[in-house]
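Given below, in the form of structure tokens, are the structures.
Each of the next two complexes has chain A plus one more chain, namely chain B in the first and chain C in the second.
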Partner chain A sequence: MMIAKKISQIQTLIIDGKEVGGRSDETILQVARENDIFIPTLCHLDGLSEYGGCRLCIVHVKGLPRLVPSCTTLVREGMEVTTNSEDIIEYRKGILSLLFAERNHVCSVCVSNGHCELQWLALKLGITHVEFPYIYPKMPVDATHDRFIADHNRCVLCGRCVRVCHEVEGAHTKDVMGRGITSRVITDLMNNWGESNTCTGCGKCVHVCPTGALSEKGKSVAEMEKRRQFLPYLKRMRERS
Partner chain B sequence: MEKIKFATIWLDGCSGCHMSLLDIDERLLEVFSKVELVYGPLVDFKEFPRGVDVTFVEGAISSNEDEEKILEIRNKTKILVSFGDCAVTSNIPGMRNYCKIKDIMQRAYIENADIKDKTPNIGIPHLMPQSRPIHEFVTVDVFLPGCPPPADVIYYTISELVEGRIPDLTGRTRFGQ
Partner chain C sequence: MNEQQGVGAKGQEDRRIRMVERTMRMYGNEPHALIETLHTIQESYGYIDTDLMRFVSEKLGVPLSKVYGVATFYHFFTLKPQGEHTCVVCTGTACYITGAKNIIDEIGKQYDIKPGETTSDNKLSLLTARCLGACGLAPAVVFDGVVAGKQNPESVNETIRRWFEK
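And now, the complex of A and B:
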């Protein structure tokens, strides 16, 4: 059934001193990207719903008392947005550093080395070392599936796998269990992936994963390249029908 | 021009970063016209000398001996460079960090031994409970990540330090390069 689209209005706003325009149903992130303004993201992925979890895309909006995630904040007429002040960049570096410290991101032996968004973001934001003490937790690796591996050492809890499985594949095999630092992505009700009777084996979760947390079996160090072209395509086709 | 005193050392690492240092190839000649190598794995001095200008430290801190060395090096060095992923993040040596030392020794020297399955305990440094990056022990002036850091970036770093500048390594090398 076709739902009548809300009529969206054109809003004009200022991002980093530049006058830009966007529809009222667009987020600051979308409008910034349309105008080639760089805002780093991790949990955001074109084709999935916004989650606002990683907080890397935080921006300052004049008049608001705190920083807001640009991926979940809609543009409004007259907004004045700052995306890359020194403070904001420092916060982003802090967030990334915490992600590195929280699990075992041993890039040199990771299947995604060289194709990893976390690694790329660290390079882009100029992180040459992590100030926080590393936790080096003992994390499980689930290799029970015939074709895929879940390595929780590399997981950043961005939730992309959970969303793609629920929203696109419609299986909702993946979810997040626990709170805070004990959070973990689980399969079904915390079963082995290979024993899941909801997983369709489509592999979408593997390919939206920004790191080496989800990978295909048989890939060695630096061999796991993710292919995500299907996602915006699927979304467009569904919107059209 | 007076040559700067240059030292390198590897602690808990694989020597790969030193290999990458050698990979700057013919530019080594240029580098060594400006630096004097006063200490390193291939230099036959037992004592780390005083008044070193620049020291490249490869490897994580994994034993009490590593810790003593890094404290000594810090005292005797003006600019300390954390050289490679093991020094910066503890990398591969850190992969044992969630295990007990007893279990690691058991695995390495008993279970995997073909002959003489015995844990060595005489005249060797004792492993610390965890392998940690060097900046958790001493102040580090320059971080040069990479596994190993690319030769070009090493050359750039040395060139800048020779000229008395602190190199800006932002965007030049990454973890696991």
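And now, the complex of A and C:
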């Protein structure tokens, strides 16, 4: 007997005035990128599940009362999407500014200076100053691991490290504790990373981290470059097996 | 859990852990039992400590960091408080009608704290539990993990006073 396979249908929609086509199981973000339409993202990473947490990828869909995250919204026939009106760009700048204000992002002394996605996004969106008062929290730095460092001052809580550790490595050493302003990425029961029995030391979390929050030891300012090519590859190989 | 049994309250520690195990069993020891299990711990211990989180993580097959994340996300849960000593007053029905409120009021008067608070010198944390499973010994109070039955404001005061003497 033939197993009925869910067939995804082709949908036609309009993004920024351009008529495009996508499969019904694709998100607005995916279809936009296939068509070279730029939408900024932070928590999204090809190869990981969608989280919809950072809201940088918000777009306007005609008929909907609110802006929606394009990374978690599937395309539908006849949709009319706007990805970069002035309003949307202002909102995105606001979101990014809040991220800068919430922790301590002093790029000039950061291991990821020049290779940081947060920095890149700020440049790309044209953020020259942050209007919100900085909170300057005193966040700990965990340097207990032999090879890695976690500096919570640079963390934007995108959750990529949590997802890669759970979904790809299968260790689920990391998660997020608390809520709101008290949220923090943790190792096991908020233990020191170096004492973790669940961490395999694979380093995946370090390489998917968009900022200098997770880095390799021994790297000095601006030396930490992340490698992510492994991710789509691992995902494809696992789907096959 | 490294405490000895309180005098006259033999087996109370087991009773509490058995309530926790029962909740997990009711949900087939499956990961989705996590929140209910944490509720049971909160209600029978007054707070959630690391050893119990470890225990639950293992039993239910939920990663440690996930357990910790859930336990700190909901305001309903309290992690082990800051105080050097903890005093958990049971406010379940049996304990309440036999005088739990007087005990809480007395501690409040002596040390100027409400349930959920810790004294400014970090010496004492006061908490409440919903039922320790020691109703026969009501009113029951747990001093640093040791269950003591048939308490009254004077006896509780006496025990706490000894902590402050040291």
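One rule holds in what follows: the second predicted complex is superposed on the first by the 236 of 241 C-alpha atoms of A that agree within 3 Å, B and C clash if a C-alpha of one lies under 4 Å from a C-alpha of the other, contacts with A are read in each partner's own complex, and residues count from 1 in each chain.
Criterion: a residue touches a chain if its C-beta (ideal position, glycine included) is under 8 Å from a C-beta of that chain, and two chains touch if they have at least 3 such contacts.
Everything quoted here is computed from the prediction, not taken from an experiment.
Participant: Identify the partner contact of A:134: answer first if only chain B is touched, second if only chain C is, both if each is, neither if none is.
Facilitator: A:134 contacts chain B only, not chain C.
Participant: Between chain B and chain C, whom does A:231 touch in the aligned arrangement: first, second, both, or neither?
Facilitator: Once the two structures are laid over each other on A, A:231 reaches no partner at all.
Participant: In the overlay, answer first, second, both or neither for which of chain B and chain C A:108 touches.
Facilitator: first
Participant: Comparing chain B against chain C, which has contacts with more of the residues in chain A?
Facilitator: B
Participant: Quick one: is A:13 in contact with chain B, with chain C, with both, or with neither? Answer first, second, both or neither.
Facilitator: neither
Participant: Quick check on the superposed pair: does A:45 touch chain B, chain C, both, or neither? Answer first, second, both or neither.
Facilitator: After superposition on chain A, A:45 lies in contact with neither partner.
Participant: Could you list which residues of chain A make contact with chain B in one structure and with chain C in the other?
Facilitator: Dual-contact residues (chain A): none.
Participant: Which bits of chain C are touching chain A when the two form their complex?
Facilitator: Residue positions touching the partner: 50, 53-54, 63-69, 72-73.
Participant: Using the touch definition up top, name the residues of chain A that touch chain C in the complex.
Facilitator: 162, 166, 171-179, 182, 186-190, 198
Participant: Along chain B, where are the residues that touch chain A in the complex?
Facilitator: Against chain A, chain B makes touches at 82, 85, 88-92, 94-95, 97-98, 130, 132-133, 135-136, 140, 143-145, 147, 169-171, 173-176.
Participant: Provide the residue numbers of chain A that touch chain B in the complex, in ascending order.
Facilitator: 100, 104-110, 113-114, 119-120, 122-124, 126, 128-131, 133-134, 136-138
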